[in-house]
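Labels A, B and C are assigned to the chains in the order they are written; within every chain, residues are numbered from 1.
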Amino acid sequence: MSIWDTNFAISIIPILLQGFWLTLQITFISFLISLVVGLLVSIIRFMKIPVVSLIFSFLVQFVRGTPLLVQAYIAFYVFPKFGVTFDAVPTGIVVLGLNYSAYTAEVYRAGIEQLHVGQWEAARALSLPPLRTWIRIVVPQAVRPIIPVLGNYLIMMFKDSAILSSITIIELLGSALQVGSSYYRYLEPITIAGILYLVVSFPCSLLIRKLEHRFVPAH
Amino acid sequence: MSPHTDILKTLNATESPRDIEISFAGVSKAWGDNHVLRGLDFEVRAGEKVSIIGPSGSGKTTILRILMTLETPDVGLVTVGGDVLWDAKPGVKNKETKQTRITRRKVGMVFQQFNLFPHMTVLENVVEAPIHVLGISKEDANARAIDLLELVGLKDHMKHTPPELSGGQQQRVAIARALAMRPRVMLFDEPTSALDPELIGEVLNVIRQLATTTDMTMLLVTHEMRFAQEFSDRVVMFDKGVVVEQGPPEQIFKHPEHERTQRFLKAVTAY
Amino acid sequence: MSAVSEYSWLLLQGLGVTILVTVLGAILTLFVAFTAGLSGLSRHWYLRWPSSIFVEFFRGSGLLVQMFWFFYALPFLGIQLTPLFAGVLALGLNEGAYAAEIVRGTIRSRAKGQTEAAIALGMSPGLRMRRVLIPQSIPAMLPAFGNVMVDLLKNTSLVSLVTVSDLTWRAFTARIATGQTVALFLTILVLYFILSLLIGWLTKWLEKRFALDRKSLGRQQSMKSLVGGISA
């Protein structure tokens, strides 16, 4: 038996691509969740609503300070006990999305805090309502410079999605492990999986670096 | 007569003239140990053009900022057009009330740093508040905005964005933007201090035009003494949170009575 | 709650393993970071290119994949690693690749003016690097390194998937035995949180201790340090 069986490698590619497709879908939806929830959380924190803002601030620190794997286990094993039963994939998407919301919330916070105070004062001087101020004045200006950072988190999420294989989701890594245990040949599947992650991550990170130079001239 | 008579007429008061437009009674403001305003009593008559001069940190900008509700007074009563803007009680954390928000609409402000919205065009900057605060239709707001931009000489730039304009141009847009809300009171917080010298004139011209052709009440904080002399009905000299001296420009600039006023004017006009 | 107290001894052992893995991983991370980072700054292409390839490879292929590769795939190449070794190796190489960019970026951003001054004083490149650039750069690297270490701590939980009996693994097996998921996982979640706080405090203390400019501790934070300083 040779070390690397090319025929075997080729034969398993379709299965791995299926897992890869699931990885892409999970990443995409989770990222959307993290973009929306993160923005809401950062706005609530910024408005300093008594109690609520503090709770959210603490949650952000707590989620950022604890492992995604354990959070995934909790969602997968604990939620059903409280009557919240989902299939594995939606559960994984929600966990990944909420986990990264804690990170995007911090990114938004940086963007909002970087906004010149004069913008707030001008909006106030014109008596613009708070909602309008946020939607038309603050968010458009705050988000633009942080787009590269958000892009980095997208790439990180793409790789972290592999962790969801531990809660029975057969995404790319999960497929590779399944193939490995079925045929008892791990070298080819895991290597191909690694190459697939790399083939997506590396060009995307180059793209992000280009964006950084465009969006953040002082870089 | 100015070609912009129509738009200028719209900036005049429609109700019967009031006597006192702005009043401060016993207003104090402190940050920690720094008492910026101490029990200030101050009145401005309707239609009066007032310049406020004085050294940095004297509190003159704070007066404007309190009027524009950018700062909250610790104590005191502030009214605009007879309506309460601030009614601050001592010892309590005073917050803006619904009354504050309603009265605020009578006041417009032009900032030292212009503070235009850089991601919107000039036209969009001017119509934003009229549409979303006053509820004016887009067509009416646009028409009025174009008239105002023509008044300040920037109609040709209405599709440009602020970063594409010079400082003087941006400040003139800022003036148009504030005027679009039809304020009764216009505040100018060192409007030319951030400008290159050759751009100061174009902004002062606009302010001068507003002063001579409308009955708006105008408060101007400035270091441009010659302009203050020409523009004002009254000049107020401010230092360390109190009014040192006030009176008509000829009195303040030519025969200042107080030693602090004399010292300040000497230092400012030294070169 | 009884499950937690019953298993508290085992959980404590798991905690010990987690801390061990974190410390070992941190050491390897630092070693890799400076080796790859400094190589990345070299004038010699034969040092720069391998460094770049290494960094991009280990950042791009994903930590968990790497860990499984070391544990499951490497034996097929004739190399059998213990679970602990495989886990620490993956952690160190992966986090080291990220940290290498911190080293490289920090030194490079301080390099310009300092390099010219050192040249004017007649220092050789090696001396320049050792005595001038690196000592200055280390305090500046601390915040970002702190983030890397917290990231490392959280990622140690993944070694449970290659059968290392760390805190997560202990909770997982205890859960199978007792079914008391909530209490167990919440407990270890809190333990991880406390550990991450400790790393944060340690970093802050180190920053104060090694600050070049006492007054600049209230420095304005760049957006990167505010959001974590780890790019993909």
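Just so we're on the same page, a contact is a pair of C-beta atoms (placed from the backbone, for glycine too) under 8 Å apart; a residue touches a chain by one contact, two chains touch by 3 or more.
Since this is a predicted model, take the numbers as computed values, not measurements.
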Shortest hop count from subunit B to subunit C along touching chains? 2
Counting contacting C-beta pairs, the top-scoring chain pair is A-C
Would you mind checking which chain's C-alpha centre is most distant from the centre of subunit B? C
Chain occupying the middle, per Cα centroid: A
How many angstrom lie between the centres of subunit B and subunit C, each centre taken as the mean Cα position? 55
Subunit A and subunit C, separation of their C-alpha mean positions in angstrom: 20
Find the geometric centre of each of subunit A and subunit B from their Cα atoms only, then give the gap between the two centres in Å, rounded to an integer. 47
What part of subunit C is in contact with subunit A in the complex they form? 56-57, 59-66, 68-69, 72-73, 75-77, 150, 154-158, 160-161, 168, 171-172, 175, 181-182, 185-186, 188-189, 192-193, 196-197, 223-224, 226-228, 230-232
Where on subunit A does subunit B make contact in their complex? 116, 118-119, 121-122, 124-129, 132, 136-137, 140-141, 144
Mind pulling up the subunit A residues that touch subunit C in the complex? 3, 62, 65-71, 73-74, 77-78, 81, 103, 106-107, 109-111, 113-114, 145-146, 149, 151-156, 159-160, 162-163, 165-166, 173, 176-177, 180, 185-187, 190-191, 193-195, 197-198, 201-202, 204-205, 208, 216
Listed in rising order, the residues of subunit B that touch subunit A in the complex are 68-70, 101, 104-105, 107-109, 111, 113-120, 128-129, 132-133, 177-178, 181
